[in-house]
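What follows is chain A paired twice: with chain B in the first complex and chain C in the second.
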Partner chain A sequence: MSHQVETGVLSRSDGSAQLTIGSTKVITSVNGPTEPKARQELPNLASLEIVIRPAQGLPTTREKLLEDKLRSLLQTIIIRYKYPRQLIQIVVQFLSSEGKSNVFTNNELSAAINCAFYALIDANIALNYSFAAVSVSLNEGKYLKDPAWKQLSESDSHHVICFSIQDGKAEKLLLLESQGDFSEEEVFDTIAKSVAECEKVHQDQRKFIGEKIDRDFIWKA
Partner chain B sequence: MSQRIIIPGDSLSIETEGIKTSIGPGIYKNPKSQKVIPSSAGILNVKVNKKNTNQVVYTDSNSKRYIPQANDFVIGIVVGVIGEQYKIQLQEYSTNVLLSMMAFPNATKKNRPNLKNGQAVYARVSQAIPEIDIEIECIDPVTGKDGGFGLLDESGYIFDVNLNFARELLFNPSNIFLETLASRCQFEIAIGINGKIWIKCGDGLKIDKDETKDEKEDDDEDTPRKVDTSNSYLKDLKATLAAARFLTRCQFIRPEELDNELTEAFRAN
Partner chain C sequence: MLKQVAFPPEVLARIAPDISLQRHLSIGLRPNLRNFTEFKPLEIADGTAFKNSNPNVVGSSVIKSGSTTVMNVITLGIVDNSVQVDAQGPYSSVYPVIEILRGRSGEPTDEDMILAQSIHETILHSKIIPSGSLEIKNVGIQVTEDEKSRIIYPDLHPEEYSLVRNPSAVTHAGSKSYSFVLLSNIKIFSKSVSTSSLFDLCHLSTINALSSISLPRVYIGESDAHTASASIARSRRSNKRSLISTQSDSNLTIDTSTELQSPLKLELTDAMDVDSKGQFDHSGISSNFGLVTIPGDDENQAKTVLLADLEGEAEETSIFSRISVIANKSDRLKRISLINGDGGISLEALKKSIEIAKLRAREFEA
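Let's look at the complex of A and B:
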């Protein structure tokens, strides 16, 4: 399943992106650096405000948990020292997510991470490195990338893996979220296999960014 | 094109030993590791001088949010007064910057400029340290005269463009957009690097004060407005709006479509 991306979808925010992976669709906006509220202001670095809204209904603890994971990831990636006393607001709105159960957040988390990358690039926020995430499921040892909800519910375990990308190669493991029954060997094997998948996602990112920059400078002769 | 696109995480692959390197927008030096890395995705520019002793590295990319840098020319809106300083808004939701009442030509404690909320000024960023308040001034530091800075009159029209396009208009003297526009109408323009452009064709949006009064009375009496007296104003107003429309559209089209777009924008006039 390939990613469908569009950036600059929201004309009034500083950066935005819409991403579709399988049946998960998400739109992300980035605003910043802007003036923070007094209680958010940090004297030597930028504060991050991350808001996640579900496709249906109101945000619950599930969205708060996703926000927390996204924040822990992004706060190391964004060069926050470059924007002291400023606020960067990232809003992730899911447009559709498969399955009514709120047990699984795998595909949502991976989509939110990948979409946030495009939105941050669109907003021209300083980043230490690029990053890419994949959602995988293991069923009797069978490795499956971007599982649909049915495959996810039948799987033994599922994982979200996010790598930092340097020079087109997966460098550091930034995030690993695992649920279900799995052995230590299995999880290491999954991480090893995901290296190639993250690099594949990154190739799409690079191609897309190239096209985006061409579009931004279309008026240049 | 021979341009190289770079994204965060890529290595810059430039020589930094034995050559003085200045880093510009989109390049960051990590204070801990002292590594020079690209921090935003864009077109990489490396300019080395002839003697191979100095180089400048920066990336060119598009964005909408302006981050003040010293010596930038900006357009700001007066939003308030604190003591002897005006609070100026450079962009919606951005932190306001300060404009001292003394930072005008010939200003003294007694002879102060009189700016009201909502008025626009063209100014230069005199101090941009992110940790403290940013200051701008309406004075040419070399001559001490206005140098083209100061209040922008209210008959102009201010609109927003992307920052990369604003930079092109201001810094590239051979850009074709203003020349193309000049082939159609006369205009006065002020370009703020913060993505704001002030433009005025002829008399711009000016409405004679007596006339507005007349119109008000007319409205009260429920009679149709007098159009014939303001015909020349109407023409300038239409031209101003058309020019703004044209420049806004220029950001999204190829250079060869410019002439079409110009005709399109001015069709209603």
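Let's look at the complex of A and C:
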């Protein structure tokens, strides 16, 4: 499935990225560190404000749950003590998502995580480690990466897996969202297979960020 | 010279919950005095009181865990299958509204919304409510005969139904198909457990309430305003003329007579095991765990401990690594939600929590 990335797409935000994976297209902006509202301010850490907007219609509880998952992931990745009493605002706007149905959020969650990575890099926010996510479904035991809506609806179980990356290798399992009907072996097998997939996503990330640095800065010969 | 300040334990627990938690754990205790992998006891009350006293309620459940009480009431809505926006899959879910009562009124908090949405998605993906079982079949017609109205159902009174059936009534009742939707209203009183544990309680109470559901029959009611334009049909028994409303906006009404109700067919029991009777055999039991690292001192090394069923302010605010597992009796898993906050979760920890969740599901007696 093709990944297409572009950063710095929004001129007025501190960092932004647009990512297309399959039929899911998402644009993410990062603003910060900036002044928080008084009630958001934390004395020793940066506070995070995460807003997710769907491709169609107004945000619902579905987006609230996605926000919660993204927040609990990012709050450990961003080095928050570097920005005490500051706010980091992340807005995720889906531009298109495969959906005649609101039932599955896997591809959206994985796209939001991967897009947030590029946007955070673009905004120069300090991160503990790189991270990469994949969306996976198991159809009769068959491992499918980035499943389309039809494959998801026929799947026995579906998973979103996010790994931290250190030295180009998947290091720690940061997030796992599995639903459906599956066995313990299947879930561990899926995690094991996703290690390579996350590393593959990270190779794309490295390549893209390398090119970005070449482009954004002027280097002496 | 600044004087050293000492705080009594209960004050420290308020101002520095993380330090208080670590002090507790380093001497092998949790603030709630449970063992590390001990779950909080649960009581499932007979929740049918709501159901029996109110005809609108089709299923209910009351669960207590310590002082936390979860009341769940399921009511019905009716939707026209042709206008449903969501592409309907083979399985349905409940639409919960969760309210954690905190002594204030106002819009729902994020926590309420997140819990409700997680319950909705989990029940859907657990594949326990087949969409077909919510379909409304055999819609009855209310007829007025000798100033008395009665309801005729196609399957119970086939002969009379074929008589009263007239073309315009058929277009209404026959061309459209309807389904029930399950609206669940969950109220949580005196929350003392963590959000992860609240999910477990809400999940349990939803399964419990679902298994008590009996669905009523539905008929096309007679709207008085339109009797003037009602068409006339002959009833065999009386040879008198009875009136049936033909208005296309005549109302679908829920029959409140309990004798005609039929239980909701759920895929709750284990398909592999014919003797399986338990309501949680297939749907599973939700368990939650937290991982916290106790920093080492001169004598001891830092170690990570697994705590089951998080409870209380200290555990809620200072444990960021969490695992939530739904396992059923036959060792199948329905949901895993893992978030690795401070990097403390290893695959072994995940394995161990799945193992405990499975054990709990096997030994769970409703």
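Following the convention adopted for this analysis, the second predicted complex is superposed on the first by the 217 of 221 C-alpha atoms of A that agree within 3 Å, B and C clash if a C-alpha of one lies under 4 Å from a C-alpha of the other, contacts with A are read in each partner's own complex, and residues count from 1 in each chain.
One rule holds for everything that comes next: a residue touches a chain if its C-beta (ideal position, glycine included) is under 8 Å from a C-beta of that chain, and two chains touch if they have at least 3 such contacts.
None of the values given here were measured: they were computed from a predicted structure.
A.B. asks: Taking chain A as the common reference, can chain B and chain C both be placed on it without clashing, or not? Answer clash or fit.
C.D. replies: After superposition on chain A, chain B vs chain C: fit, no clash.
A.B. asks: In the overlay, answer first, second, both or neither for which of chain B and chain C A:Asp216 touches.
C.D. replies: first
A.B. asks: Where does A:Leu65 make contact in the superposed view: on chain B (first), on chain C (second), on both, or on neither?
C.D. replies: A:Leu65 contacts chain C only, not chain B.
A.B. asks: Kindly classify A:Ile125 by the partners it touches after superposition: chain B alone (first), chain C alone (second), both, or neither?
C.D. replies: In the superposition, A:Ile125 touches chain B alone.
A.B. asks: Determine, under the contact definition given at the top, whether A:Leu73 touches first (chain B), second (chain C), both, or neither.
C.D. replies: In the superposition, A:Leu73 touches chain C alone.
A.B. asks: Mind working out whether A:Asp181 is in touch with chain B, chain C, both or neither, as first, second, both or neither?
C.D. replies: A:Asp181 contacts chain C only, not chain B.
A.B. asks: Is A:Gln4 touching anything from chain B or chain C once the two structures are fitted on A? First, second, both or neither.
C.D. replies: So A:Gln4 meets neither chain B nor chain C here.
A.B. asks: Under the stated touch criterion, which partner chain does A:Gln56 make contact with: chain B (first), chain C (second), both, or neither?
C.D. replies: neither
A.B. asks: So, does A:Asn44 touch the first partner chain B, the second partner chain C, both, or neither?
C.D. replies: Only chain B is touched by A:Asn44; chain C is not.
A.B. asks: With both complexes placed on chain A, how many Å separate the closest C-alpha atoms of chain B and chain C?
C.D. replies: 10
A.B. asks: Once the two structures are superposed, pull the chain A residues common to the chain B and chain C interfaces.
C.D. replies: Of chain A, residues 164 contact chain B in one complex and chain C in the other.
A.B. asks: Considering only the defined contacts, which chain B positions touch chain A in the complex?
C.D. replies: So the residues of chain B in touch with chain A come to 5, 7-11, 26, 28, 30-31, 37, 39-43, 60-65, 67, 93-96, 130-131, 162, 164-165, 168, 176-177, 250-255.
A.B. asks: Please output the residues of chain A touching chain B within their complex, sorted ascending.
C.D. replies: The contact residues of chain A facing chain B are 14-15, 31-35, 43-44, 79, 81-86, 121, 123-130, 164-168, 171, 205-206, 209-210, 213, 216-221.
A.B. asks: Under the definition above, what is the set of chain A residues touching chain C in their complex?
C.D. replies: 61-62, 64-65, 68-69, 72-73, 75-76, 100-103, 105, 153, 158, 164, 172-184, 187-188, 191
A.B. asks: Where on chain C is chain A touching in the complex?
C.D. replies: Touching chain A: residues 86-87, 89, 110, 113-114, 116-118, 120-122, 124-127, 320, 331-343, 345, 347, 350-351, 354, 358 of chain C.
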